[in-house]
Amino acid sequence: MVRVGILGATGYTALELMKILLRHPNVEITTLTSRQEGNPHVSSIHPQLMARLDVSLEDLAPETVAARTDCVFSCLPHATSAAMVMKMLETEVRVVDFSADYRLRDAETYAEWYGHKHPDPERLGKTVYGLPELFGSDIPDAQLIANPGCYTSTSILALAPLLSGGFINSTDIIIDAKSGVSGAGRSPKLTTLYPECNESLSAYSVGRHRHTPEIEQILTVSSGQNVQVIFTPHLVPMDRGILCTIYATPIKDATEDRLLEAMRAFYADKPFIRIVDHLPATKDVTGTNFCDITVRLVKGRLIVFSCTDNLIKGASGVAVQNFNLMHGFDETTALL
Amino acid sequence: MVRVGILGATGYTALELMKILLRHPNVEITTLTSRQEGNPHVSSIHPQLMARLDVSLEDLAPETVAARTDCVFSCLPHATSAAMVMKMLETEVRVVDFSADYRLRDAETYAEWYGHKHPDPERLGKTVYGLPELFGSDIPDAQLIANPGCYTSTSILALAPLLSGGFINSTDIIIDAKSGVSGAGRSPKLTTLYPECNESLSAYSVGRHRHTPEIEQILTVSSGQNVQVIFTPHLVPMDRGILCTIYATPIKDATEDRLLEAMRAFYADKPFIRIVDHLPATKDVTGTNFCDITVRLVKGRLIVFSCTDNLIKGASGVAVQNFNLMHGFDETTALL
Amino acid sequence: MVRVGILGATGYTALELMKILLRHPNVEITTLTSRQEGNPHVSSIHPQLMARLDVSLEDLAPETVAARTDCVFSCLPHATSAAMVMKMLETEVRVVDFSADYRLRDAETYAEWYGHKHPDPERLGKTVYGLPELFGSDIPDAQLIANPGCYTSTSILALAPLLSGGFINSTDIIIDAKSGVSGAGRSPKLTTLYPECNESLSAYSVGRHRHTPEIEQILTVSSGQNVQVIFTPHLVPMDRGILCTIYATPIKDATEDRLLEAMRAFYADKPFIRIVDHLPATKDVTGTNFCDITVRLVKGRLIVFSCTDNLIKGASGVAVQNFNLMHGFDETTALL
Amino acid sequence: MVRVGILGATGYTALELMKILLRHPNVEITTLTSRQEGNPHVSSIHPQLMARLDVSLEDLAPETVAARTDCVFSCLPHATSAAMVMKMLETEVRVVDFSADYRLRDAETYAEWYGHKHPDPERLGKTVYGLPELFGSDIPDAQLIANPGCYTSTSILALAPLLSGGFINSTDIIIDAKSGVSGAGRSPKLTTLYPECNESLSAYSVGRHRHTPEIEQILTVSSGQNVQVIFTPHLVPMDRGILCTIYATPIKDATEDRLLEAMRAFYADKPFIRIVDHLPATKDVTGTNFCDITVRLVKGRLIVFSCTDNLIKGASGVAVQNFNLMHGFDETTALL
């Protein structure tokens, strides 16, 4: 049994992670942390877990967590996460970090987009980016995995085969992204108050969403081309789900059939990517680790549609997929 | 033109009130207050009002408000409201108070349910309760109106004709009430965060919701009987609307037709009460000042269904109805 | 491996059933039926199942289904279901029937509530009612299981311990029930069109919902008392979830703590019943086979709150729970 | 008083139209048509209108409608509408047609996109397109107005000032459009069944939505440039609202401030267009006739955001705006 700890266990990604791990035959959740007072039982924070998991949330030092666990998932916010993770990595513990702290490849870009100096700059550029469909071979041996962002995965998975196949102009890409509200986290704020965002729809963080450099850097690395995107996120009145509608300019002739075929070939042995003929709906992937993708040609422009459950394939599902690969379990364990 | 001020203008009831008053031919909104820093323009707080109302929110003393207005609507929370209203009432200004401060009839009950001493106990028991269908004749001359609670109105309007007609046992009444989320106000909190209450349903404040004594006191006064209710509120994933499903025990023989007829007679000249034959849906009254009511007999028990828009007939609509009666305007002005 | 067939595989309960069975280590789904033309692949009806289940929907005779399966789940509508099931039962095949056809105990009540003569009246009163928490010992040997209704289970599980313990008057029970829209099925109709039921709430079928006699008959049998209920269902704008708010009259003194303790004792070894201290929300059980229950005493009246996921514990989850018991698997297989 | 008739009065646009017209001081709704059997009272089709409008829905010949009315709004589906409208136009009656029948400028394009021959081709190219912000001067004298489509208005209003000012390339425009479900009408179908579209999001009709040629033709006419757009509609789980996120390529240097200023100048005297600095949400315009628009420059691309209430500014509100201009009333009557 792998002894698992979760840092920052009060939020939505932590909850989904626990629900998945409870189905995992090789996992024992031993440790949950939070800064909530009074060491609350997990079921008082997440009533869904009542009678399913008997662990309390504690405010623990990194070394204490390390002593109790073999693998830690950090659901802490950026900066806070790196501070904890750095210390964990001094031990044998392996870490899947949900925060953005180790996703970017250089400290300068990090500082530019996150507004503060990176606490652990040496690891940038050397940390494995945990998108198994692209970097699967690097994952088994990694001590630290930077778990991808939700918009990021959904965008990258749609674009990677088209860039790799040389089908599209890598610097003329528009990603019109739409997300359910759980993506905004569990801290009460006006913008995600029910009567504010229910029955409403709007764009936000236009031109300055932090997933932008992540998409560009990872696609640049994986495709070997300079990738530039315009990324426009929208908040949609639903709990979960991300749909990316991506507009790209073709640079070689290819029919829709040919494009779909190339995408299917690219993901031939990837159990969680479904290249579909129909226009996918987020509900098709809700509660699953699948990413559904299709493509259309309209008036000489290529439109890719991809969708995921932002809390699963966009966060906790892919984390377990990484965990499985790190520990030599079947990639789909607890995920199908 | 009546010069109108609104105290505590940042919330949902204030917004609905402004939208209604903008349609009122005899009203000029001159003054809005809040404790927000920097005197923000109303449209920066309520983008819906952009280009419709050119007033800023200010943090003003009661006498300043009084000098600029003829009538004030207070959307302040309880206790805060009475403290302001008391001072307003020393001037000529008339007040419609949305808070619970002047609704109950005695200071003891107030202290018991609201947890603090009433700042203005002399006015309790003497203030007109602003439910025009029951107390319409007292409203024109009142300087101060206690505007009713949303659950309260919806419950009272359903029960008043049945109690008045001697159809039901006044101490064996169960009100199973369901409300949309806007009823919980505009302050961010975990329980009304979108991913918490969307796709979910639960009861809350069982046995201790503050509208309970209000329903009992007002029905006791209006019917001349000792009224006791069990009141169970539920939070429903929708912006607006209240549905009360009320179970009562008949004490005299009457068919459904007879009961409907009695209700229609009771509300014969009331423009906003619709006694309907079908089972009403909250959507039938959304955005309106109507209260739709019907009744069924099931296995010897009487079930009354009533619904309102909690922000209109449950708050800002009835406030304008009161305002109209206070100022001699047609009761329906700006409300149809 | 148990070869499983599903009759009427186009609806929501069938979809949930397949999603659960795909996690079951001892099940092979071999056969799906529907009257859709052209033998569509299951993923064209349920895109969620793409790449997960490779079976087509066929219009098959009962004997053909029987030859291919060991156990059949019928998701057919009432009357249609009994007609198929009767023929299945002539073979060795075991059947879990989701319809209401075998739930009631006599043909007369069936005819009264369903409006037609029962096609297989001899089996009424002899068929095992598949609520494992009450009739678990009868399930292992049954060839046919009548799978309970969703409102029914949620109501019965809340009331059974209180009736059994002699705590409440068995003929003075009010069930105010609220359900998400998936309970109304997947056939397009005006009442469940999105813009009709979204942002709205109403009661329906007051005094004449078909789950009423089912609740009464099963509770009468299980408690040995004459049980009479008033049952008032409401449609709530959410996909899933049932909350029953049940009002009962105590007939012996008991504190809330004593009542909770009695309920916990009653369900001591039942893995899917959680007696909770807090007021449960439907979201706590969404996607699970749990039923969360609590109780409150208010002004001498007892109020029970119980909630389930109408498609899981209310339909497909309990069906698999029954299936597990029928086949000697652990009761929780594929359900946790 | 203008005597008004509404053809096809059972749907959502007709309901909104009636709600607006009930506030209009110069309108009497005399006639409602539908093919429903038994001449139902309007309140049995639209319970919201109970006690507000006392008219029945009748299946009437065009000449009968014409005899009873001065102006008719046709909410009939395309083809059916033109067939009725043609006959109306032989009388003095004036018509606002909500269908697409008279919006396109040539019969060939109509046949290509609507799949049948136009019944009244002579009027194409000569009918006034009822977007008052662009064609206001043609409206007062028109007997027939082609009321615009909802996506169409929202797109055109965003693009017109930018095309007119020569700011963008007219043939490189991407409109990523998102709409609430009421836009799909009131006929029950699987795609708009609550559990299908709730908690889900998807694109539809990619590359073949019928509003595409309408946007192109009207913008081409109004701007004098050849306009080509890629138009991608999405279905969003909310009742109402359209948000268009529009990507365009600048062809001359201009800051965001300059662009906003040009847009404000373009709509200087238009009461229902609000050029805003913030990113608009559909909720800001719900229930109103406003269109809120802003613009951003991101990495050399121009992004315009515009939103409307699809049933008001996108249908019934603009229809009344047209009606006001046709009859010499103030443009905003009944709309503010």
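As written, the chain order gives the labels A, B, C and D, with residue 1 at the start of each chain.
Just so we're on the same page, a contact is a pair of C-beta atoms (placed from the backbone, for glycine too) under 8 Å apart; a residue touches a chain by one contact, two chains touch by 3 or more.
Remember, it's a predicted structure, so these values are computed and weren't measured experimentally.
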| item | value |
| --- | --- |
| Shared chain contacts [chain B and chain C, defined touch] | A, D |
| Any chain that touches chain C and chain A | B, D |
| Pair joined by more contacting C-beta pairs (A-B or B-D) | A-B |
| Relative to chain A, chain with the most remote C-alpha centre | B |
| Centre-of-Cα separation between chain B and chain A, whole angstrom | 46 |
| Length of the line joining the C-alpha centres of chain A and chain D, rounded to whole Å | 40 |
| Inter-centroid spacing, chain D versus chain B (mean Cα positions, whole Å) | 36 |
| Of all residues in chain B, the ones touching two or more other chains | 180, 196, 198-199, 237-239, 280-281, 283, 286 |
| Parts of chain A lying in touch with chain D, wherever the complex brings them together | 174, 176, 178, 180, 196, 198-204, 206-207, 228, 230, 232, 234, 236-241, 243, 245, 247, 279-283, 286, 296-299, 301, 303, 305, 307 |
| Complex interface listing, chain B residues touching chain D | 22-23, 47-48, 50-52, 199, 274, 276, 278, 280-281, 283-288, 290, 292, 336 |
| Complex contact set, residues of chain C against chain D | 12, 180-182, 186, 188-190, 192-199, 237-239 |
